[in-house]
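Following are the structures in question.
Two complexes are shown next, each including subunit A; its partner changes from subunit B in the first to subunit C in the second.
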Partner chain A sequence: MPSSRRERLINRHPGPAAGRLLALAPFALFLVAYSVGSEIRLAENPNDKLLPSFNAIADAIQRMAFEPDRRTGSYLLWEDTVASLSRLGAGVLLATVMGAIIGIAVGLIPYARHTMSAFIAVFAMIPPLAVLPILFITFGLGEVSKVVLIVFGIAPYMTRDIALRVSELPSEQIVKAQTLGASTWHIAWRIVLPQMLPRIIDTLRLSLGAAWLFLIAAEAIAAQSGLGYRIFLLRRYLAMDVILPYVFWITFLAVSFDYALRKYQGWAHPWFASQRTPA
Partner chain B sequence: MKSFSRLLITLMTSASIGLAGASAAMAEEKTEFKLAWSIYVGWMPWGWAADQGIVDKWADKYDITIEVVQFNDYIESINQYTAGAFDGVTATNMDLLAIPSVGGVDTTSLIVGDFSNGNDALILKDADTLEAVVGQNVNLVELSVSHYLLARALESIDKAEKDISVINTSDADMIAAYQTDDVTAVVTWNPLVAEILETPGATKVFDSSDIPGEIMDLTAVNTETLADNPAFGKALVGAWYETMSIMLSDTPEGEAARTAMGEASGTDLAGYDMQLASTQMFAEPSDAVTFTTSKDVETTMQAVRMFLFERGLLGDGASSPDIVGIGFPDGSILGDEANVKFRFNADYMSMAADGTL
Partner chain C sequence: MTEVSVQDVWMEYGDQIVLERINFEVPSHSFISLVGPSGCGKSTFLRLLLSQERATRGTILIDGKAIAPNPEPDRGVVFQKYSVFPHLTAVENVMLGLEIERGGVFGRLHGRARRIARSEAMEILEGVGLAESATKYPSALSGGMQQRLAIAQALIKKPRILLLDEPFGALDPGIRSEVHDLMLRLWWDTKMTVFMVTHDLSEAFYLGTRVVAFDRKRKREEELKRYGASIAFDTLTEPAPFIADLKAKEAAAG
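Coming up: the complex of A and B.
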């Protein structure tokens, strides 16, 4: 009786409790797989570093986050977090502002579109990591080059995305505004920008993963602190007991930012968020 | 039914994670072995010896097979060895103590191939005395032998690491980094040293010839694997010294070998010979035996383990540098006798010297 609507797989929904259980299952499965693997290796060699036990990981978290470092006296996890987040924040902010200004200009003004869009399309395809030596020699090895790498990595994509979103606005809106006497500036500021703000948040959410990637790459190359710096430094000694909590922490931060941006979007631009199927 | 299949998948996944690495390191008699090596002047002979069939020839003699695998990333090769995927690896004395030995993998130095005699250096921009490094930012690969060299350089002028600041810099980007204005001091190794010294204003103020014998390039193997399979050690040592006798000879064959090794490491015969000049290769096994059995090795390992201990690299919460024992050919032990994880062995090199392989 496969014709009955209720029996088709696509129409069967789990209840709220079962839904939550299903969401947790892959995580639980992953943890179990890890702990069994870890135990097999530790039985073979109690000092194995590749898959440390949960106890060893807890010790490492205690050491990195809540005890001052033996040599420098600072709390390494927090120091690294502050260093990384300031670089990430500066890079993402700059890229967003640049992406918004250039993207709206390219999407709205034909002269800007003809001048810039081919260049941005080509520029966006340059792999930033391949031209690192040029970035270093131009911007030095300090904080600036790390921020520039993030901007270089995500701004071209954000610009192109915003330009496309602007060109998707119904042309009736622009025509209507003109009949009401609006100037180019008025249209950009009062018609386009307010509709772009929630879409900029979308672009930002999608770019954050890449921004983290570029941040960690920059910190691996030359740094004195930062989450990526610590991971690459300790990789030399296969200290997975520290690296795994760092990876978990980075993932947690990234997921939190994504969640916060989504909530902010819903709160600040309810008209936009309400059009979506809830995720 | 569902929960059963889930359990099965879990067990299969975790077993594969756990066993993937462990198989090679399992101690038992076996006939197939794997050696990991990475591009460096003192280890290029392995790549050439494998290409020329010298490794196979010696392996055949002992009825075993040895797979020689080149790594582009030095640290990754040591990590793979430590995780159990390889039976042997090429590395420095310091990294072997800090990575496999601290990681609980009992490791034996089978061949002391050479020691760095100028290949690692501290270079200053627009300054020509070692004292000038005080107060500067120093770019180097943190926790590497470069870092050790810097610590020894500072000790020699009664200074310590707190008198400078270290900036961790990837070796791949060291030359580009040196071109920037904010970089004024670097510690690195050849061929980067030679490249940087060509820049006007660059001066070498301290190098590994100031601490001769302390940075050793070793071929090391898993201790249990070696104990159960002496043939593996014999074949490696035999192949190594046959290669040495060819490459270090002043013959057309020697020149051809060094040309091939130079090209494989991204330079040419002249470039490779220049690097060899600052590398004290042991051409004769008897010289390597004399070096390995001297008390100097113990003095060096004392300095090395103190360096590692002070930086927390002898394990979490290690309360003393004695936590990992280091064994020497005369039977003496530095550190915990019940936990010897790093051993210097001269037996196999002696067999090569005596011609009994």
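Coming up: the complex of A and C.
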């Protein structure tokens, strides 16, 4: 039987221009679908709130971002952004530092591994949102409980991931370092930590989505400002013209952080690119 | 000048006996090639000399003193791979031993002390022909260059014993003979005692002053677990001819 002349689907690759076009297509399609849906609904009922027109959305952005609020005199979008990002930043920073310290200890030191790894494994299975009431009771409704929820949500995962990465370092490296006179502390500081830094960035990128989830959940339940707070507040008025740009803004922030972390990783740890298994 | 004495060493993992009744004396400045089939315990023996593992029975003496419980700078090592640190450039890899020795708790040198350590490291890199690649990361070096770097990194601590675990096994033949001659010259200059595990018999005889083969005396299926390997063959040899020339020159001068 003669074999087919055509390349199989798995062996066909788009060129660079076609590749870019294909990547943009779903976004364009989504926008078109939205505007068509919006037109249809608004034609039927001009007061429809579900799919506001692009003009209404632009008005809402103008109102939230560039005009002072009539009641408080502040620019709400920026105030919400600052409030949310400071919570997110504090939570993520704390979780990263904890994850790095405990993860390296667990991965490198057998006594630490025996003491902590079972506990961390169980701890990581506690659903963070289930303990949110406990956090509110313990830390009050202020900033602390929101930051703690983020830490609670992502630190166990980060710790386990870093411990795993440490234990994946070839034992030859650890032995070699000892023959160069290194103590346990030297090995942690000069051999393990520097090799973990780029891997911590990977872990962080994967954790950011969860961090946003916990932030918005905490803000939805008890807050006076914040991106999540605003969305849940305006839900009562079905204010889709504000909620949609807020969601878009949160997505934009998340994508930018991810991109910035990736760029920083390549710039700060040039040796790592050739090490990694392709993501 | 370093002698190694191995006295009645046994190595067991649970029920499994890997090595039994290993006895041998190694005079100073030997180059010992350890050969034998896979699983004969020659790499296990190297790990004992490295203090990466401890013998179940018996003693290992280095210059008459019991071997230290941890890997220490008196015994350098080069593995088949993963010997160098991927996050450090070539010269930083070589400097690391000095930085740890002189750099206090953080194992880092700054300013003048760093420049001094760097120039010492460059001298050694020069000796293994890597001066040009000093600022490259290991991933940018070929296999042969990485192994030369690993040797340089070990040498900066001036170890009395150098342990080589199939160090040239992954190299192309041409590169390999180049690194062989480099290794012999360094061995001759530093007066180290070298132990090298290898699968390659011609390499073992080309480099070694003595070739030691490990093997099991009893090989029936039901005997494998309870009988370990021991020294099956132990012979003195002459290393590559140019070492004889060096020896003669030294004798004439002395």
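The rule we apply is simple: the second predicted complex is superposed on the first by the 267 of 279 C-alpha atoms of A that agree within 3 Å, B and C clash if a C-alpha of one lies under 4 Å from a C-alpha of the other, contacts with A are read in each partner's own complex, and residues count from 1 in each chain.
By definition in this document, a contact is a pair of C-beta atoms (placed from the backbone, for glycine too) under 8 Å apart; a residue touches a chain by one contact, two chains touch by 3 or more.
These numbers come from a predicted model, not from an experiment.
Novice: Following the superposition defined at the top, how do subunit B and subunit C come out on subunit A, clash or fit?
Specialist: Once both complexes are aligned on subunit A, subunit B and subunit C fit side by side.
Novice: Once the structures are superposed on A, label A:A121 by its partner contacts, choosing first (subunit B), second (subunit C), both or neither.
Specialist: neither
Novice: Examine A:P194 and indicate which partner it touches, taking first as subunit B and second as subunit C; both and neither are also allowed.
Specialist: Touch status of A:P194: second partner only.
Novice: Between subunit B (first) and subunit C (second), which, if any, makes contact with A:L132: first, second, both or neither?
Specialist: Touch status of A:L132: first partner only.
Novice: With the two complexes superposed on chain A, say which partner A:L141 touches: subunit B (first), subunit C (second), both, or neither.
Specialist: A:L141 sits against subunit B, while subunit C stays out of touch.
Novice: Looking at the overlay, what does A:L21 touch: subunit B (first), subunit C (second), both, or neither?
Specialist: Neither partner.
Novice: Touch test for A:W185: subunit B only (first), subunit C only (second), both, or neither?
Specialist: The second partner, subunit C, only.
Novice: Which partner does A:A268 contact after superposing on A: first (subunit B), second (subunit C), both, neither?
Specialist: So A:A268 meets neither subunit B nor subunit C here.
Novice: If you count the residues of subunit A that each partner touches, which comes out higher, subunit B or subunit C?
Specialist: B
Novice: Looking at A:V82, would you say it contacts subunit B, subunit C, both, or neither? Reply first, second, both or neither.
Specialist: So A:V82 meets neither subunit B nor subunit C here.
Novice: When the two complexes are placed on top of each other via chain A, what is the minimal CA separation of subunit B and subunit C in Å?
Specialist: 44
Novice: Mind listing the subunit A positions that touch subunit B in their complex?
Specialist: Those in contact with subunit B are residues 29, 32-41, 44-51, 56, 59-60, 63, 70-71, 132-133, 136-137, 140-142, 220-224, 229, 232-233, 235-238, 241.
Novice: In the complex of these two chains, what residues of subunit A are touching subunit C?
Specialist: Subunit A reaches subunit C through residues 170, 172-173, 175-182, 185-186, 189-191, 194-195, 269-272, 274-275.
Novice: Enumerate the contact residues on subunit C facing subunit A in the complex.
Specialist: 50, 52, 70-73, 75-77, 79, 81-87, 96-97, 99-101, 105-108, 137-140, 150, 153-154, 157, 159
Novice: Considering only the defined contacts, which subunit B positions touch subunit A in the complex?
Specialist: On the subunit B side, the touching residues are 6, 9-11, 13-15, 17-19, 21-22, 25-26, 75, 79, 82-83, 98-99, 102-105, 139, 142-144, 165-170, 172-173, 176-177, 179-183, 310-313, 315-317.
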